[in-house]
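Shared chain: chain A. Partners: chain B in the first complex, chain C in the second.
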Partner chain A sequence: MTEAPPEVPVWRTDLERIGLVRRILRARRWYRADWWFVAISSVLVAGFVVLALVPGVFAPHDPREQVGPRLLAPGEAPELEALVVPAGSGVNELADLVSEERIKVGVVQGTPSSEAVRDAAARVTERLRADGGDERLRIRVVRHETLDEALRGLEAGETVAVVGSSSELARVLDDHPGLVMVGPVDGEGAVAGRGFPLGTNQLGQDVLSRLIWGTRVAFLIGFASALLSLAAGLPLGLIAGYVGGKTDRVMSLVMDSLYAFPGLILAIAITAVLGPSIFNVIVAIAVVYVPTYYRIVRGQALSVKEELYVEAARSLGATNRDILRRYVYPNVIPSVAIIFSVNVADAILTGAGLSFLGLGLPPDTPDWGIDLARGQENIQNAWWLITFPGLAVMSVVLAFTMMGEGLMEIFNPKLRDR
Partner chain B sequence: MHPLSIVFLIIGVPAAVLLLYVFVRGSGGLRRYVITRIGLTIPMIFILASLVFLVLRIIPGDPVTSSLGPKGSPELKARLRAELGLEDPLIVQYGRFLGDVVTLDFGRSLVGGQRRIVDEMGERFPATLELVIPGTILALGIGLLFGTYAAAHRRRAPDYALRMYGVVIYSMPIFWLGLLFQLVFAVKLGWFPVAGRIDAVIGTTVERTTNMLLVDTLISGNWAAFRSVLRHLVLPAVTLGLILSGVFLRLTRINVIETLQQDYVTAARARGIRERVVVYRHALKNAMIPVITLIGLQVAILLAGAVLTETVFAWPGMGRYLVERISVRDYTAVQSVITMFALFVALISLFVDILYSLLDPRVRY
Partner chain C sequence: MSEVIYSIRGLSVEYATRSGAVRAVDGVDLDIRRGEILGLVGESGCGKSTLGKAMMRMITPPGRIVTGELWFEGQDLMQLSERKMRAIRGGRIGMVFQDPMTSLNPVQRIVDHLTETIRTHEPSVTEAAARARAEELVERLGIRRERLDDYPHQLSGGMRQRVMISLALALRAGLVIADEPTTSLDVIVEAKFLDLLRELRDEFDLTIVLITHNIGVVAEVADRVAVMYAGRLAELGDVLEVFGEPRHPYTQGLLQAVPNIELDGAELYQMQGSPPSLLDPPPGCRFHPRCPEAMPICSAETPAFQSVSGEHLAACWLYQEHPEVVADA
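For the complex of A and B:
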């Protein structure tokens, strides 16, 4: 060891006496451990927790409903048939055009516009009939070669209105200052007209909404399974480490075997047997991570047991339960907190892997793994379907991993850089 | 020769050489360590096999009904059940299962042609090895090289960047990385095939002896097929290698940092040896030992990663076989595949531990 700064022993002993919050705040001054690492990841985690608790507030659509056209790219407005009329004509929708005579509406030849106009006109007429009137919307479709020609026809008064695709109209309408686009011919299309920030999938579901609702599934799996393995691993580790002897050896052999086995494959086997449900996924992942807690807790319990103060307590007549509760248990907690944070991250990763393989969750669940598996089917033409759910998994896992790393630096300054 | 026995030869021959060396040249302490370690592997395999059996036998349904579907007549079901020995008491079934594990004969699959499971695994296991071995080599290469680089530049920009890389790659779902590679390099750029192991047409020209296609095509000098196999291998192997590299990078970095603080490194520096030589020759050499042990622990992550990578790239290995068999509810095959994985994990970690004890004289009983 080279020359150690003289204040080192002081903070090391002080560290044992102060609480979590003061520890985080003092860590930087004492041994250059960065609290902002914990701060950033906590904010991230808190944000995700809010999303997971009330996804309905943030998600614009129902994750299971078809809300738009299939495979719509992010931000792209869906193709709509829009109505164009001379500015200041007072016409806002197709129904305003109802009159005694047949009206002329211009469309471009060979586009879906003419069919859209007829359908819309039929709907308007139907509505008028239902209201008890005997009026009808009678339309004569005038076909033009190009959209520009159709618009010039409208300017010249040959037609009363023009119907064409909204995206093309947006391009050419600037050259015709006297005309305005008043909206879609079909009123119901107006809602979907704004497009979807992250696009839609092959079922016409909103990707963003599914992403937000997926947070809930990921957190449920992550937290519930981590808690379950904690509940099993902590007492098992305490017992093995504290009792020692044959009990310890047998338990350790079983736990080590389980630890060496590929977790995902074990989880695959368990979910395959239990059948698809979120509860079974939680159980399967929990089983996989029990040895992680067991090993750490056992090691800690083993070393604390040998401490002089435990010996002293025992010679003063403290029972095993007292020693476990007052000396061993508190020493184990910081490590458990770190493991828990990393464990949640691992569980979310494993859960995503399981559902990517099509195991575990019912197929209509809004879940990132399921979305990724479905996205692969359309990898040729829809990049957004695999990009965003993957990013979501990664950022959640990253937040928890960073939190674990930060906590580790603060609790175990001796182990920093590990 | 059966392809599966070739797989075991690949692991077995170096292991035998290692054991021979230990017993001919090794000290008493080393010999004792190796014997104890082998002694510990047998109960480990036993426990894992029993666990697999236990998990798969508490199935609420019954494998025969689920595999035959509603079409199966009661007589057919009864016959199949008797054939599979499902009518016997659980303890008898358990004994037979352990016998299967020892003799490595897992019977026939329940569905689809009822082929011998050993034969099916003989086709799949080499494919997985062909993916896993280059992946591990890549991960080790990246990890050792950049881990040492980060350690040498501790608390400077490259160190922070590489640590960030380690954390990010650890947080990335391996199947997502695979999908992104597929999207960018196969679909958009068209540099590599999207999925599969070899072009279907060229695949018919390959003479299969080991079922590790790189080896097979090399032996027979079938260069067109060799190139095709190589092109198919790049994306899945890189995916697997990159995901694993993060762990290796972290461990190398810590160990090199620790060795760089040792007295002999200071001595080497004092003698005026160039810093690069000190870092890469003196420090890395000693830091490598714990990294090698880590390979033993990473086998689990590696195999789990292989299952997902194989699914993404439609790579016909053990992982994909497992998922396929689960979807058709072929529990005999599922049980055999998982047992096979357990055997593989136990043997690899045994091998790595013995290697470690040879390299590091401090490890003895």
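For the complex of A and C:
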């Protein structure tokens, strides 16, 4: 009497016969894998990839430039800087003031006005140059204690114009009937009403733009270091697993000792030694994750090389190289793809961690880790500085991890039983 | 008597295990003749698969060939470099494995298996020419040429086994070692496959070593049969002679244990005991602890593997001169 074989669910036998797409769709019915898990995370990942590829299209401002007032809360309308001139002077905008000599412009000390007027003057000069002229708008900023004092200076003819915040001007301008407000001097970003949906930081940079450009840095670090450790870990794992013996033991010893080291600390040590640059950050993170690939690939190679079809290939005269390339390697790839996706998430997190600690990236890089570190200084009065970069890191890591786990479940449902 | 194509002399194979060396094949001598189908039978673990692999020098650590000569086409394969050996594998000697379900690379199309095998051995053949050869070959084996672009999982077990054969034939191998090729096939597919083997033998002038534990299969297709027990050959001869008049008590027991239509309700013969551990095999004839006709000498001396009548060989003291026989007489 033979014993009845253990019952195998129908889906297990069907699993081998269908393609990837149907597998994803049927996975839920068969073994309750959440295919929407993969769907949602793929959409998220795809969105982030698009952001990383063409941040310029989505970002309203230049992430490195000061484009607005400092520490503006999300959604808050920026205070426009307005130009005030004597009534009837015929001046309608800053460009009308161009002349041979330096123009004296009055501002109030300690307000963003002086910077705004200098920037505006620079823009005017640039525009003139672009039109082919050789004129320049040269400005001398005259500082006053109060707005009222500045306006009196203008009335007295000490200055040619005054620049100040439009709301304050609206309050005090009634006392100076001879003067008129002719319009804003701010950059196009603020004036065109593009605004700052996520606010600005303490340098007057747009948080949203930095977030969007930061995607590129995060992805560059994540993908480049994951690829680099893949490029090192995959061949090492293949060789160790396939050759076996002493080679395997020595390599595994080295990899295990790397693996035993806490990841972030190792990365810190490597960047500290290599010095700050984006490439060094990538290398440091790659070194940390090489053992992950090595272990997976080695294990797979160990099991694949015992398969009958490898023996069959040898019986047909295949060389070791052929077997590695055509038999072991393609059979190892699916699990490597899954590891890769989870690994990108890890690498992004480690990258953010490194720049949060001030290691690695040049300080003006639009990077989430740097933004988080800077935002920390203003955590009391500007919640938006750390909230949004934090959410960005979290959702990217979550998306990648979800995608990896979801794919793993679909590719290899048998793991669930363990 | 036809020409010998492959000659095994004193072959011993050992596997290193934690508890010591296991001698899976122990001093086997065997001549394989051109154009024959030689059935190699024996129970599980008797060393028949190891013998098949050793014939292609495919024993991998922890196993190793301890001693022996493997004469094929005028050269001793044991003396060849690994590189020359690779040219022989697949090129001159092909192998078909037990489980067709797992003996093809799941991530490679059928056609790639064939063209790569051809081009590994004949690098000058173009991809297109190799494909043409593959198409011709599989059509001969009864697989439509469109199926070449399928992956192994899209083929049935019988088809895969035919693909395995075509791989062995792709380079006109003269000798094919088939290691339990029909074990995982159902009876009808098995019968068709065996017919095919015989046809191919005639058409391609093949020599086939058929390793199996199925005595019925051997009786059906083989010309000669070799019976193996515990790493040694017990009996060898023409299939009709061996099965018609088995000499070795092991072969006799084996044949009686096969159910047949004439049994008619009688109890099926059961051989006593179980195969010995190869870690610590019994001295003398390895079958003596289970042998119904064991004599004192059987546990002391190993019988020679010699002729009992013509080309019918057996390793048994019953048919050989020894002191006890002399004393009886």
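As a working rule, the second predicted complex is superposed on the first by the 267 of 418 C-alpha atoms of A that agree within 3 Å, B and C clash if a C-alpha of one lies under 4 Å from a C-alpha of the other, contacts with A are read in each partner's own complex, and residues count from 1 in each chain.
Everything that follows uses one rule, which is that a residue touches a chain if its C-beta (ideal position, glycine included) is under 8 Å from a C-beta of that chain, and two chains touch if they have at least 3 such contacts.
Because the structure is a prediction, the values reported are computed rather than measured.
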| query | Are chain B and chain C a fit on chain A, or do they clash, once the structures share the same frame? | reply | fit
| query | Now for A:G317: first (chain B), second (chain C), both, or neither, which partner does it touch? | reply | second
| Is A:G353 contacted by the first partner chain B, the second partner chain C, both or neither? | first
| said: One more residue to check, A:I270. First (chain B), second (chain C), both or neither? | reply: first
| task | Classify the contacts of A:S257 with the two partner chains as first (chain B alone), second (chain C alone), both, or neither. | result | first
| query | Between chain B (first) and chain C (second), which, if any, makes contact with A:I379: first, second, both or neither? | reply | first
| query | Counting only touches as set out at the top, which of chain B and chain C does A:D371 meet: first, second, both, neither? | reply | neither
| message | Applying the document's definition of touch, where does A:E81 land relative to chain B and chain C: first, second, both, or neither? | response | neither
| message | Please give the least Cα distance, whole angstrom, that chain B and chain C reach in the superposed model. | response | 12
| On chain A, positions contacted by chain B and by chain C | none
| note | The answer for chain A against chain B in the complex is residues 253-254, 256-258, 260-266, 268-270, 272-273, 275, 345, 349, 352-353, 356-359, 372, 375-376, 379-380, 383, 386-387, 390, 393-394, 397-398, 401-402, 405, 417-418
| note | So, in the complex, the side of chain C touching chain A is made of residues 56, 58, 61, 86-91, 94-95, 97-99, 102-108, 116-117, 120-121, 153-154, 164, 167-168
| If you look only at chain B, which of its residues touch chain A in the complex? | 40, 43-44, 47-48, 51-52, 55-56, 58-60, 167-168, 170-176, 179-180, 182-183, 187, 194, 253-254, 257, 297, 299-301, 303-304, 307-308, 311-312, 322-323, 326-327, 334, 338, 341-342, 345-346, 349
| said: Quick check on the complex: what are the chain A residues that touch chain C? | reply: 16-17, 245, 307-309, 311-319, 322, 326-327, 330-331
